[in-house]
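Multiple structures follow.
Here come two complexes built around chain A, the first alongside chain B, the second alongside chain C.
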Partner chain A sequence: MTPILAAFPPEAVKHAINAATKPYWFITLATIGFFLMFILYKWWTRPAIFWTIFGLFLIGYFGSIDDANFRSIVAKPDNVPITMMVISVGLCLWLGLRRAAINDSRVAAGLPLSEEDRDDKVLVWPDLVYSELICLVLATAGLFLWAIVSKAPLEQPANPGYAPNPAKAPWYFLGLQEMLVYFDPWMAGVVYPGLIILGLAAMPFIDVNPRGNGYYTLRERPFAIITWMFGFLILWVLLIFFGTFLRGPNWSFFGPYQYWDPHKAEALNNIDISHMFWIDIMHRARPTADSNPIGALPFWLVREWLGFVIVAAYFFLLPIFLRFTIFKRLYENMGAIRYAVMVMLLLFMALMPIKMVLRWLFNLKYFIYLPEFNANL
Partner chain B sequence: MGLLDSPLNYFRNSQVWNSIFRHGVPRDRRTRVMAVMSNVFLHLHPVAVRKSGIRLSFTWCMGGLTFFLFLAEVVSGVLLMFYYRPVIEYAYQDIQDLRAHVTLGLLREIHRWGAHAMIISIWLHMMRVFLTGSYKPPREFNWVVGTILLVLTMLLSFTGYLLPWDQLAIWAITVGSNMAKATPLVGAGGPFAKVMMFPGTDVPMIHAGSDARFFLLAGTFVGENALLRFYVLHCVFIPCIVTVLIAIHFWRIRKDGGISGPL
Partner chain C sequence: MAETHLEVVKVWIAPGCIVCDSCENDCPEVFDVQEETCLIRPPAQSESFLRPLTPSIQIAAEGCPVEVIKFETKEVEGAAPWANQPEGQPAGAVPAAKAAGPSKAPAPMQPADPKWQALLSNSKVSPSLSAGLATTIKRSAEVNQTEEIVRSMDMKDAGVDWKHIPPDQRAALLSVAGAYHPATPLADRLRQHLSIGARSTRRQFNLALVVAWGAMAAVTATFGAMFQDFFGPKVLKEPKSVYRVGKVQDFSLAGVYEQYKPNGIWVVNLTPDDTKLVALSTTCTHLGCIPNWLEGENKFKCPCHGSGYHRDGVNFEGPTPRPLERYAVSKDPDGYLIVDKRKVFRQELGEWDSPESFIDIA
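Coming up: the complex of A and B.
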């Protein structure tokens, strides 16, 4: 007789989770969850509800340690930070949105904000230094405890001739490494990190909304919060989780309860826009230097013309269109320069999910395929 | 009062004690203010703060935790430097010896887990500053300082990742530094490098021995030069800049009116 707890979670649940964590499902479901989280923020942040959801998550997560495949990825010493990240981001998200919900309700009811205590000052000694001391002691204890229970990893000595499979960057860069599935290295490894840094630094200068300064709120700055949190939670934290836990040998996808089979190969039949246009629609080979239908133009321009048009429309026409439609008010508040910076950052960010979706739906590889210059987009 | 009646009071009234702490025991308002003002470290704080600003549910203590972890990294890192030599003949062996022969060998664990934790705490700190809108005027500049600290913290962790010189280390750094090869114009494998020739020749200006990755690794692969380079960046160069920036960061918090609150 098998004990009741022999298989937790049950096989059927494992299969369902393995299926639901496939890239397209996982990211789509997470995105739906992301928006629901903001729509329902007054509901789920109530302590009873949050702790129930959180408790169930913890039971499912740590209960799964029983599964050998799950354990082999989660219990790896250098993957422990991922678990810490998931849990602490969850807790902080709750804290922040909980206080936003309280504040928004208070403002709606005509009450002052919970942070409103302009004249209520306390002395740093003892009120602040004592809580700092307590945090310091707790943090020291926590760090020592972690150091005692978990050995720092040390693998075989470096061998430049033998690459492990998969070869992964440090965990905090795995969101970017995951983007390599959809973009070439010059985008995922250079342009995007650069834009993230510049975009963060530019943020205080392009967010001209004077409200929500110094207190938690969602109502008073929904656009800023939802956009930024989408970048942080979905495009950064979630992709790190994905790249660390669900990408195995050859960067193939493996569900959390699946064995990392080194022989699993995923057929790649992704195609470029120019392939779709010339071969699928025009039924002829793509133009080359020797067979160029419009000799006056460089053959690569003729070959990739549709991709160029699409990308140019996205980056140059769309901002103008948006400026007269949904971003009209925003534009009037921000002025041309701020608007241009904001909209470029937004479009670059949106390009990530757009390209993911196009890949899942149409196997799109490149909008613009320019091996002549190593510049594929 | 004699030494034997009340040793604590005896020391507190002694000339030595009073030469260090010029105020009485911080029990009333005046001495508490003095306690903060006359101590160089505590003086990073203002004397009084908004009650709402120091609530744990407001700051999540994440900025403080990041700072604590940075200090823990500095202390454990300096101790590690006593044992570790950044040359490929010894690096791996030194790490192994550290495990096997150093009493209470937790140094490496503390240093590594502290580094991971610092990455998480700095992100959460940034998220809380974002959610409270604390990057808005007058704190724009401090947010920019914070952004630079964020980048440097991740670079600190990245450069440190190589030092154990095991398979995990060199391949993670290989994957990471290969990105530099893809930099447009200055990376040998990146956009346009292969069409940029010295005028009138077919000699490429940018090749594996002259591109951005070469600059990073001091070589075309992760080898002994890269190890030395990362070691110096990790132990000296980046920590010094981070220290200066943290000082600016803290000073600016005070100058911008303390922890933010409704205006």
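Coming up: the complex of A and C.
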């Protein structure tokens, strides 16, 4: 191997990427990038610029296979779909925003939508059937090739006394597994997936605005599109990326070019809100059944009162506050019931990154910690 | 003397048609035999359309085996324009009548205009809305007739000149004038078919009922059985739950003893923090993975979501909401440590003070 290749990517770049993928930095940068992507969407979707960025990304991504630690992640047969996901999400994102940019520019110039100028009708036979046949053949050939080239990993027989380290879910569930790190199993395993499905099903009933139907646009639907894309890109795709590239042994965080050291020491003494209030502020032990400062109330309510207040304010006062401020027009357009459903789903969605950041910054574990009832938030 | 003849001015079908196609063969301009009955084509509602077709309508009415074709006639002065024509070709021979008839003859039927036909069959129709129309044009007499009507209309005011408009617009005009009947949609054909099928006998109906419900019951029963089987245990052997894990003095040194991890037990000597010997469950209280004991870090660490526990089982990092569970331990008369997995002690419920949950090795 030539020295030039051996040095790719340069050590400084590796260090910079490792540093930037520390979770709080990474999610901050990703969120900034996410909003820049929408603010500058007319600029970066221009073909020359996009293909330059995309080409550089591909060179960096596949060039990094030279790095042993990166290769151990990317070359793993389990993770081949991740590479496909990263590339296809990028391409689809570009395609959608590119066409939105074209349409928005046309509308601003008083021209009809690009969809209106196109005659999309084609014949089923031969146009559609031929394309389907070609896709079918190519996909089958691709699957055969994939199955031959990369073998399915075969591990030891199942053993109830042993779990691989790290034990990772199938790639498409890594986002859920990442959620489980921050929430009680009931929340992240049942409530959140249920809310995701319910929320997606409720979407056509919540959002009855016909603009954007059948054509690409961003300017006509900025709130709806950006909210949806935040949920999809940051809270799903990015979390899958987290789980694949950044989670190593003992579920610790590692940079993509870092060695997966199973003995990496990380201070993760997570504490609850009640711990912060009673021990750090009041300098006393948390109330128990035996030492309850307000005997009239159950001890767990006294212990967790601050958490209850915060959660209640978040879920009940914040919607009312939003209704009179930034969501004023939205409320008038949607009506009370639609607004209530929408804002609840939105707040649940927002709780996800909020809690992640609080965990990374303050080691916050739970707002409300009720092991007596197996209920924590 | 003034010669008179009869011309048909109205035609209809009385109930009882047996859909034999006879009338459509005799006079396709007027009769449209469908699956269940015969219809009068829409252009044939007009008197002027019917008059020149009088002979063929009469032939059709005579030929009807059940005699359900009824028509009304009107006496008209002059010789019948079709009187001298040979039998069998009444409709095509009208032009001569134009001059002969004293009453203004209606627009007569003509064979298809070859130019128009050539235009339609050769022209590359633009792939727009009317593309589908051009492919459905059949040069039926009815289309020709409609074309005549459309041609004779004065549409100059609307800016339409029949001679110079593109073929797709011609097709559209013909369509508006009612020249085409849309093909029966598949759903309607299916519905018709089914409604014919429903007219089966009681015996056939009962048989179908039994077969259909039987098949459904069989499928449901099969799936039910599979469902039931899925929830049943595949292994009937009850795993052992009480273990004799070794002499108590074997665990006299402080530390975590991992020999019994395959049985789901960590035996932990808590010295110097405490003078207890306890048995910890190896199941993570977060979601049931099996954590690893990390000697160097002095902690249990779960590989699934990063939950961490101190040596005594108390959780301190990661998402796990509560400490590892402890099993009941006792010392048998031979000095062996007995771990009973049937009895579980949970710290958050204050059960770790129970004397059953540890062995005092002070």
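Keep in mind that, in the parts below, the second predicted complex is superposed on the first by the 368 of 377 C-alpha atoms of A that agree within 3 Å, B and C clash if a C-alpha of one lies under 4 Å from a C-alpha of the other, contacts with A are read in each partner's own complex, and residues count from 1 in each chain.
Heads up, the rule we're going with is that a contact is a pair of C-beta atoms (placed from the backbone, for glycine too) under 8 Å apart; a residue touches a chain by one contact, two chains touch by 3 or more.
Computed from a predicted structure; not experimentally measured.
Chemist: I'd like to know which partner A:181 touches here: chain B for first, chain C for second, both or neither.
Modeler: second
Chemist: Is A:251 in contact with chain B, with chain C, with both, or with neither (first, second, both, neither)?
Modeler: second
Chemist: Which holds for A:22: it touches chain B only (first), chain C only (second), both, or neither?
Modeler: neither
Chemist: Which one hits more chain A residues, chain B or chain C?
Modeler: On the superposition, B touches more of the residues of chain A.
Chemist: Looking at the overlay, what does A:139 touch: chain B (first), chain C (second), both, or neither?
Modeler: The answer is first: A:139 touches chain B but not chain C.
Chemist: Touching A:116, do we find chain B (first), chain C (second), both, or neither?
Modeler: Touch status of A:116: first partner only.
Chemist: Of the partners chain B and chain C, which touch A:372 in the superposed model: first, second, both, neither?
Modeler: Touch status of A:372: both partners.
Chemist: Based on the superposed arrangement, let me know which partner A:167 touches: chain B (first), chain C (second), both, or neither?
Modeler: In the superposition, A:167 touches chain B and chain C alike.
Chemist: Applying the document's definition of touch, where does A:89 land relative to chain B and chain C: first, second, both, or neither?
Modeler: It touches chain B, and chain C stays clear.
Chemist: For chain A, what residues appear in both contact lists, the one with chain B and the one with chain C?
Modeler: In the superposed arrangement, which is not itself an observed complex, chain A uses residues 121, 159-160, 162-164, 167, 177, 184-185, 188-189, 372, 374 for both chain B and chain C.
Chemist: Touching residues of chain A toward chain B in the complex: what are they?
Modeler: Those in contact with chain B are residues 78, 80-81, 84-85, 88-89, 92, 95-96, 99-100, 113-118, 120-129, 131-132, 135-136, 139-140, 143-144, 146-148, 150-160, 162-164, 167-173, 176-177, 184-186, 188-191, 197, 200-201, 203-205, 207, 210-217, 221, 225, 228, 232, 370, 372-375.
Chemist: With touch defined as at the start, can you tell me which chain B residues reach chain A in the complex?
Modeler: 26, 29, 32-33, 35-36, 42, 45-54, 56-58, 60-62, 64-65, 68-69, 72, 88, 92, 95-96, 99, 106, 108-114, 116-117, 119-120, 123-124, 126-128, 130-137, 139-140, 143-144, 147-148, 150-151, 154, 157-158, 161, 164-172, 174-176, 178-184, 187, 189-195, 221-223, 260-263
Chemist: With touch defined as at the start, can you tell me which chain A residues reach chain C in the complex?
Modeler: Interface residues on the chain A side: 119, 121, 159-167, 177, 180-185, 188-189, 249-252, 262-263, 265, 268-270, 365-366, 369, 371-372, 374, 376.
Chemist: Mind listing the chain C positions that touch chain A in their complex?
Modeler: 127-128, 131, 261-264, 282, 286-287, 289-292, 294, 296-297, 301-306, 308, 316-319, 321-322, 348-349
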